[in-house]
Each structure stands twice: as structure tokens, then as C-alpha cells.
Amino acid sequence: MEVSHLTVSNISKQFDKNEVIKNLAFTVEENEFVSILGPSGSGKSTIFSLIGGILSPDQGTIHLDHQVINGKRGYISYMPQTPSLLPWRTILENVLLGQELQGKKEKEAALEMIAIAGLTGYENAYPHELSGGMKQRASFIRALLSPQSIICLDEPFSALDELTRLDMQKWLLSIWEEHRRTILFVTHNIEEALFLSDRIIVLSNKPSQVAAEFHVPFSRPREESLFLEDEFLEWKRKIYYSLKKRS
Amino acid sequence: SNPKSASETNKKNTHSLKKVSVVLDWTPNTNHTGLYVAKEKGYFKDEGLDVNIIMPGDAGADQLVASGKSEFGVSYQESITQARIQGVPLVSIAAIIQHNTSGFASPAAKNIVTPKDFVGKTYGGWGSPVEKSVLSSLMKKENADVNKVSIVNMGDTDFFTAVKRDIDFAWIYYGWTGVEAELRGEKLNMVYLTDYSDKLDYYTPVLSTNENMIKENPDTVKAFVKAVSKGYEFAIKHPSDAADILIKAVPDLDPKLVKKSQEWLSSKYQDDAPRWGEQKQKVWENYASWMFDNGLLEKKLDAKKAFTNQFLPQ
Amino acid sequence: MVLLLLFIVWETVAIKSGVPDWLLPTPTKIFYEGFDGWSNFYPHLLSTIQLSLLGFALGLLIGLLTAILLHLLPFIRESIYPLLIISQNIPIIVLAPLLVIWFGFGLLPKMIVITLVCFFPITVAALDGFKQTSNELKHYMIMAGASNKQLFWKLELPYALPSLFSGLKISATYSVMGAVISEWLGAKEGIGVYMTLASSSFRTDRVFVAIFAIVTLSLLYFSIIVLIERWLVRWQLKGAKWK
Amino acid sequence: MVLLLLFIVWETVAIKSGVPDWLLPTPTKIFYEGFDGWSNFYPHLLSTIQLSLLGFALGLLIGLLTAILLHLLPFIRESIYPLLIISQNIPIIVLAPLLVIWFGFGLLPKMIVITLVCFFPITVAALDGFKQTSNELKHYMIMAGASNKQLFWKLELPYALPSLFSGLKISATYSVMGAVISEWLGAKEGIGVYMTLASSSFRTDRVFVAIFAIVTLSLLYFSIIVLIERWLVRWQLKGAKWK
Amino acid sequence: MEVSHLTVSNISKQFDKNEVIKNLAFTVEENEFVSILGPSGSGKSTIFSLIGGILSPDQGTIHLDHQVINGKRGYISYMPQTPSLLPWRTILENVLLGQELQGKKEKEAALEMIAIAGLTGYENAYPHELSGGMKQRASFIRALLSPQSIICLDEPFSALDELTRLDMQKWLLSIWEEHRRTILFVTHNIEEALFLSDRIIVLSNKPSQVAAEFHVPFSRPREESLFLEDEFLEWKRKIYYSLKKRS
């Protein structure tokens, strides 16, 4: 697997008069799992749009592997906030789309992932036949199967119920711990960020800047029981207040 | 000789034949019988020509002939007159029918027998200023006022349909539409143009070619006219056989109408002329000056250049 | 701009290649004639504009009504659709005598011809537009208790607007030609009449003046439709800042 | 079914009202003539089918290519669009002599006429279809690194299919009439030739046989397009179980 | 405000061969706040579709105010899982849509709600100019403004960040405690269900039935501090296990 390293240096972005991001800077190390926590409308999705090259920052640069990728596309594997499945493709075909855009398709791997995500039997269904959470899962698999070195996930689990969410989180962790890829993860769920990440970046209110940064100390592999540990609750409260203070 | 060699010579002949085409004015009808006879009977081949008869559709014959896309065409004196005024180099090389067979037709029940009966009636035309002038010329002879005729534009509507509705009389060729009326058993009253005005006895239809052809290939023109002339002579003598030839060439025409129309028309091709196709300068001058007097032409026509008899067989 | 270029190319080609005027006059000649004969041409133009606008309006009305009817009553769709197609395939030369017999030579038969030409693209486009309405939004609207009428006015119609405007554009383009064709049914004035007369007296320059008028009118109608579309579907334009 | 009903009404009305045969023949008479004159009519039919299919295929090709070109090169769209509209507004009677003079009486000028008739609805519909692509999906595709080519083939084209098929339906309906009109440019055979001949020799029954042929052909083409649409856009049909 | 009372008696529903709901029965009292908890794909949205009349149950009846409303529409005020805003309407116009469908519009009330939901300044924006969470909030307000006696909310807060979510929850509670309307609430977040509801209905796995029902004992008005109380955590664990057992 390729080695990557993302550096976001002092980027700013505004829509018309709406200053969304101002002097935002952070880095993601190779094979690191970094979460971005921030209130709704704080510009989390916008950060992804900037990294993905669909928007260009008004200021600042974004480096991937020492290469400037401002406004360049195709470097990230992406899961959007809304499932964005193509309605005329079956689930299987949708899941393979990310790979297809970059080259080869691995149907076996895809079928396996579909099974793990609990979508067996829906391979040949069309998106509108699925429940909200099922669509989200399909979109998630699509991102995981894409070959790029950095995966950007925009609130992948927010439409899932607690249990499925936990299953998916555990599954993501196990895959990640096995394959180690660089992940940038947007969420508004503190527990989720704590459970999954190496590092958590908390955004301030608009215009967004890095309000706080936390290195998550829990050792890996992490277990479900982590949620009930006192240290976990301690951390949760800490981040909660850091979020609250800023907004 | 044996059949094989005959077909071989035939093939050779086809090879050395000169390909020319003649564009009709619209759909094939008995005005064109002579052309089909000449083709079927081999008169063209005898003159060394391989003639393609083309139905032009919307393209219209005149422009094709004028531009040289087609060597020959079927046209009208009126068209050629107007064309020449606009500098289009068309020349009439033979009159297909000696006298104007057109006139104003109306169902017998309307009781329109002479031009003065037009008063208070509705005329259906196609919106050309010529029509009003013609009506006026006819009515003047009987001291009637053309402004008392209501002129309605009936566009592409055919005669029979039009007189069912708001129209009382319309301008037709008796040789086709009039004969159809006979076939249908509908009684018509005709007011022929020729009965009321010499100036309106113009040639319609005529054979046309362009000035270039006459200059560069007079022999071809001569050969063509000769063959056509033979064709029409055959049609004059054997109306029924000629009709059969047309029906065979264009099976989608109504055979009954063709037969009857041919009978009516055969005697009209040559009529009182010394030979088929003959044109008189007077006819050309008369009509052009009539048009000019009625404000239908911008300039006077040089009638001598508009037609020629030089290619007619002696 | 491009048109200007076209004219220049045409002018030079026409002069260089020596195409005679009566076959293809140069733009200068056409403009000259258009200017010169304006007072003559003007009433014809006016009459055609009137005819085409009326016909287009009627076509729009009938086209929309048909589409709405077929959309709301899906069970008659299958049976009416063939009739619509038939209506597009009866050649005018056949229809003309029937129309004349039934309706005389007045305005009515002409309206029928233009309407026939105009309504079909509108109906097809509108129907397809209605059909495409997002399932998600339809689901919400029905759940929220929208009556069929509300569903139609508040969701399906606005949703079909872009598609409908496709049809309108096609239709507006055809309306002028429709009017010209309808004039062949018998009219006292109009560009169609002007053109046939010009053509039969070999005034090719006038024929081209008529064509210019037809084209200009069509372009005008088309632009108006586009403007209305921009104005009505303006929410679409604000999007996609990233493209 | 509805057609049958139409025929019955027509037959009875024609008989009752005493409309003369030469104006509006009864369906029985038309069928009789169609049957009787079949061997005569058959080659005409075949020739028109060939012509219309070829023309439609060409129109589809050119229509699609134009739409794709204009879509991918938005900066030339503004300048080309007027030309497209002009192409729809040059009357055949003007175009005909020019086409014949330039290209003779062969297949080419006829193809040009049919293509002119067919390509426009396809272009307009396809262009509008491309434009409507969901912003959300486009956003995903671009973020996921789709090249412009991939964006077009994997997203915009499939998304435009329903709209495109609207255009195809309109176009297919016009293709037969287009072929018939093109035959008026001068052809040896074809329904158009048959019809003018029939009309000029006052054989109204044959004219109606020709009309039937035209209508049947159009309906056939239309149905084929609808079938292909059903097959290609079948994912749409599975939805909306609640409607 | 009208009085309503929903009774769902033994309804079943299947899609083709896919049995989604089987013999499901529950009631909602007047002015009660009931949550439905269930895993993704368990048929929660389908229950709403049945109550909303867009689907008809294969078996069983649904009563509202002693009236059978099987397959009848217009009786509920609804917030779908995806925002479903009409793209050609501004936020204000979208928010007023629910009222518009039933009759009169109250622009004042709407503007007030928009302000409370933190969307001031976006009244005249079009949906695609909003972030995911902002759309969800607009959709939520639209449901609240609709005049029907029962409000059905399908995961209204799942796209929101923790803080906004908490704000919205508190706001919902305050409005509800003031105006008292009948609310049926679908969620997969146990804490949310506990914090808001009078009663929680836990669905079994497919085909869904009522797996468990809990009367939430906390007194009203409820405060944010509830989340940190031991009893709350106790309940959370209890429901968590009941969910886990069934799935």
C-alpha cells in the first residue's frame, strides 16, 4: 500500500461574503486515523471539497506526499455525506464505481465487503429499494474499495442505528488495523471519534480554525468495552467542553 | 442475326449513348405523354440519347434547367418570361400544346357561363397578381368590374374540394381536372381564356433548356427535340396506345383518367400549327406586353431570345 | 458574431465562385432588397407573426393540457398516445382539403395546422418531465398529505419545468415554419404567400428576405423562451459553484 | 383498440353523412385498395422504410454528437445554437433546388433533409438532459476523481437518458414524414412519390393507403423506441411501489 | 390543539418476498411522546409510510381518533429521513410547504422557528446552498409547522453534530412541553430516545414486532444534566441490551 502524508497549510475559503474557513492548518501522518469534529455548518464538508480538489482554497496550500494538490482531483477516496449512489446501478455496480474510476474492478473483494456490511441479498437491488442506513453502508463500502492512499469519510455512520453503527465501527477498525491506510474522518459524534481515531481535530465556529487537537491515548486494538471505561468518559467530557467553549 | 449479338450491340449502343435528363414540371400527366412515348419506343435511343425523366418535386424544374443540372425541362411561357426578366437564362424550344387549354371552371349549378357572371362570385386562386389581371382582362370585354369578384387564396387546395365550400370558380387545365370532372359525372362550365383574349393565348406547357446548351451542344438539343417531336406525333395519331405507354411507365396514375385525358388532349398538341412544337413570336410578344401593361413585369421582354424554333424537325 | 462570419464567408464565396444571383444572392443584395422592399414586406411579416404567436399559444395550451390529462389519467395514455403520433404524420397536403371543407378558408384551419405542429414536442417533453419527478420528493409530498392537485402543482409541474422548456424550445422553433406552411392553405398575406410569389417570379433575393425573416423570428422566439426559462428555473443556476 | 373504434366511427360517419369518396374514403375502401394494390405499393413502402431508417440513424448520430460537442465545449454553445435553429427554419422549397443543384438527385440530398428534420429534437433534449444532472452525484463523481470523460459516460449520459428518449420519440415520429418530404426532392419511388401521384390523379383512396403506411411506420418506430427505453431505463420502473 | 390517539393493530407488510413487518401493534396516547428504536433496515420508515397512508398494510388496521386511516393521507405531519426540500423553493418557502398543503401559511411563526433553528440569514437561500445538517433542520421545522395533530419524525437529528443536536433536542422538548402535541419519533440513538420520550418502543429484527416497551420515568421538564445521571446511564444500558438481545 502506498505511503501518504497530508499537509493542510493555512487555507481559507469563503462563499460570497460567507467566510467559512480561515487560516486552517493541520496534518495527517501516514497511516494515521484522524477525525475532524465540528458543529453543523462549520465547514467540515467544505474541507473535504478542498482536499478533493473540487474547490480551490482562496489562500494556502494542500500537500499530499509533498505534492501540491490544490484543485487537483482523483487523489482521495471519498464517501459523501449523502449516499450519492447512481440510481441506475445495482448496489454491486455502485460499490465498484470508485475502483472503476481509477482502473480495475475486484468483484470478489466487493462481494465480501457487501457481506460484511450486512447487505447480502441486495447485490442486485437498486438504491431506491434500500433503507436509508443501507444506502449509507453501500456508499461506505464504495469508498473503502477505492484504491487511493487517503480515505475521506464524511459522517459515514450518522444514519445508522447504534448497533449497526457499532458493528461498522468495529469492522472499520479491524480492517484499518489490518491494512493501515490513512483516514480522514468527519463526524459530530464524540464517542465515535474517540473510539476510532489516533487524533481528533476540533474545529472552532465559523470561520473555522483548529480550536483544539487531542491525541487519543487508547491502545490498539480497541475493544467495545472501551466505551464503558472511566477514562473514555473522562475524555468524552473533555472534548465536549472544548467543543462547547468554542461555539 | 442471333439474339446474343443483338443484345451485345444494344449494350454497345447504351455505352455510346449520351446521357441527358429532362425534369417535369410536376407529377407525370398527359402533357408529358410524348416524352414517355419517345423513351419507350426508342426514339431517344435512335438519336443517340439516353434520357432520364425526372419528377422534380419541390425542387422545381426551372432552376435545375437554368443551372445546367438538367439539360431539359418542362416549363410555361409565363415562367420563362418572368425568369428572363430576372436574368435567368431559360429558353423555350418547343410548345407542347399549341393553345392555352386553361380556363375558369365552375360547377354547372353555379351558372357561370361568361366572364360577366363572375360578378358577385368568389374566385379561388393561389394569390398571384396575375390572376386578378387575367380576370380583369376577361371581364373588361363584357364591361364587368373585377372588383366585384371576391378573390380568395385557396393555396394548394384542389378544385373539387374548393368548390364544395366557399369557392365558386377556379382556374384549371381542362385536359386533366376537367376530364376528371367528366369521369365523375360532374357538369362543369368552362370560360376559356382563349375565347376572350388573344393575348392570353400563351404556350403552356413548353419544353425548355438553357442558353448554354444551345450554344455548346446544339446537336444534342436538336436530337432531343426531334425524338420528342416523334413522340408527340405518335401520341397525336394513337392516343390510346400512347396512353397505355404512360400508364405502363407510371403505374400509380389512374388509368381511366389518363385514357380519357389523352383522348381529349391528343388533338390539341399540334392543333392548327404547321408542325408540332411551333411557336410564334407574336404569342410571346403579346403575352409579355400584356403582362407589362398590367404591371406584372418590371421590364419589357426581348421575345426573340425567349424561344426558338430552330431545333424543330423540318 | 458567428452569423456575421457566416455572412462574410457566404458573400465572398458567392462572389468568387460566380454563382448567379437568381440561384443564391449575396447577403448584401438580400439586405438591400429587404431594406428597399420593406414597406411591401412589412404587412406580410406582421401577419405571420400574429399567426405564429396565436398558433404557438394554442399549441402550448393544448400540448400542456394533453400532457396533464394523460399524466393524471394514466389509463387513457396508452390509447391516446397513438393518436398523437398519427396527428404528427398526416401530411398537410392531405389534411388541407379536409380542413378547408370543414372550416373554410378562415383563420381556424390555419390555427389547426400550427397547433398540430407545435403541440406535440410540448406534450412529449412535459409527459416525460412529469414522469421523472424524484421519488423521494414525491414520497414526502404524499406523506405530508398533498392532494393529487397539490402534488401536481407544487411538485410535478415545477419538477418538469426544465424538461418542459426543452419541448417549448423545439416548439417555438417550429411555430414560425408552421405558420408559413399554414399560409399555403390559402392566405391573403404572410411570409409564406410572399415567398411563393417571390419564388414563382424568380425573385430569389426576396425569397431569401423571407427566409431571413423566418429565421430571425424563430431565433427571437427561442431567445424569449430561454429568457423565461432562466427566470423561472433560476434556482438551478445558483448551484454548482464548483463546476 | 382505440384505433378500431376510430375506424368504426369514421366508417359510419362517412356513410351516414354522405361525404363523397374522393374527399374522405371509408376505411373499408382504403383497406380494400391497400390489399388490392399491395404489389404496386410494396416497393414504395420498402424504399421509404429504408430512407427513414437511414435518415433517423444519421439524425441520431449527428444529433447526439452535436449535443455532446456543445455540452463539452460550452463556450461554442452560444454561437452554434442559432445555427441549429436556422437549420430548422429553412423551408424545403427553398432548400430543395439548392440541394439538388449541389448534390444531384441521389441519396445524399434526401439524407440531408431527413437528418435536418430528425437531429434537432435529439440535440435539444440531450443538451437539456445533460444540464439537469444532479449536483449531488456530480459532486461525488468529481470528488472521487472522475475524469471529464468518465463524468460524461458514467454519470451525465445515463442521467440524460430519460430526457434523450423524449427527443428520440419526437424524432422517430418525424423521421417517416421527413422521408416522405425528402422524396419530394425528386425520387423514383417511395410513399411520397406514390402519394403525390395518387393525389394528382385524384385517387384519394390511395392517398389514404399512403397515410396509413406513414402512420403505421411512425407508430412502429415510436414503439420500438419506447421498448428500448423500457429496457435501458428499467431501474426507474422498479421504483415507486407506493404510487 | 386537537386531541389525537393512534392505534396500530397487528399490521403486517411485505415487499415481494421480503417480510418487513409482522403483527406489529402499539398505541400512542394523546399528547404523548413515543420513540421507536430499531436497527437499520428493520422497517421503521416503513411504519411511517403505513401510518402516512402511502402504503397500505397487508393486514391489520391503523386508527387515528377512532377512525380507520389505512391508506388515507394527510393525517400526519411528517419529517422524512432525507431532507426532501424542493430545490426550487427558498428555505422559507420550503418550511411553509407543510402548512401550505393544509391551508393557511403563517410566515411570522416560520421566521421565528427558522431563527431558533439557527438558520437566520438563510431564509432566501436555496437548499443546495446549505450544509447537510442545515437542510435537516429546515425539514424539521417544516414538520413542526404543519397543522396535523400527530407529528411523525424519521431520525430528525441524525445528521446533526452533538451540540446542535442537543440544542435542537432541548428546543423540541421546550416547544413540546409548551404546546403538547402527539409525537411519534424514529431514532437509533438510545440517549436521544431516553432524553425525549415518555415511552420507547423497541423493534425486533425483521420481520419487525415490538420487542420491548419502556416507560421512561424521568420527570419533566427535563434538563441537559439528565445525561450525566446514573439512572439515565442505567436505563441506557438496559435498553442497549434489550436491543442487542433481539438482533
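Per-chain numbering from 1; labels A, B, C, D and E assigned in written order.
Throughout what follows, contacts are C-beta pairs under 8 Å (C-beta built on N, C-alpha and C of every residue); 3 or more make two chains touch, one makes a residue touch a chain.
In UniProt terms the chains read A, E = Bicarbonate transport ATP-binding protein CmpD; C, D = Riboflavin transport system permease protein RibX.
For clarity, every value in this text was computed on a predicted model and none was experimentally measured.
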**Complete:** For chain A and chain E, the contact-path distance works out to 1
**Item:** Chain labels contacting chain A and also chain C
**Value:** D, E
**Request:** Fit chain C onto chain D over the CA trace and report the rotation angle, somewhere between 0 and 180 degrees, nearest 5.
**Result:** 180
**Request:** Between chain B and chain C, tell me the centre distance in angstrom, where each centre is the average of that chain's C-alpha atoms.
**Result:** 38
**Asked** In angstrom, rounded to a whole number, how far apart do the mean CA points of chain A and chain B lie?
**Response** 85
**Message:** Using Cα averages as centroids, what's the distance between chain C and chain D in whole Å?
**Reply:** 16
**Message:** Roughly how far is chain A from chain D, centre to centre by C-alpha average, rounded to an integer in Å?
**Reply:** 50
**Message:** Show the residues in chain B shared as contacts by 2 or more other chains, in ascending order.
**Reply:** 60, 63, 67, 158, 161, 164
**Prompt:** In chain A, what residues contact two or more other chains?
**Reply:** 15, 49, 54, 82, 128-129
**Request:** Could you list the positions in chain C whose residues touch two or more of the other chains?
**Result:** 23, 93, 97, 101, 135, 139, 142, 196, 199, 239, 242
**Message:** Using the touch definition from the top, list the residues of chain A that touch chain E in their complex.
**Reply:** 15, 37-42, 45, 81-82, 118, 129-134, 137, 155, 158-165, 188-190, 240, 243-244, 247
**Asked** Which bits of chain B are touching chain D when the two form their complex?
**Response** 23, 26-29, 54-60, 63-64, 67, 69, 158, 160-161, 164, 180, 184, 250-254, 257-258
**Complete:** Touching chain E in the complex, chain C uses residues 136-137, 139-147, 150, 154-155, 158, 161, 233, 235-236, 238-239
**Request:** Sort out for me which residues of chain E touch chain C in the complex.
**Result:** 48-49, 52-54, 73-78, 80, 82, 84, 86-89, 97-98, 100-102, 126, 128-129, 146, 148
**Asked** Residues of chain C touching chain D in their complex?
**Response** 1-3, 6, 23-24, 79-83, 85-86, 88-91, 93-94, 97-98, 101, 120-121, 124-125, 128, 131-132, 135, 138-139, 142, 162-163, 165-167, 169-170, 173-174, 176-177, 180, 195-196, 199, 207-208, 211, 214-215, 218-219, 222, 239-240, 242-243
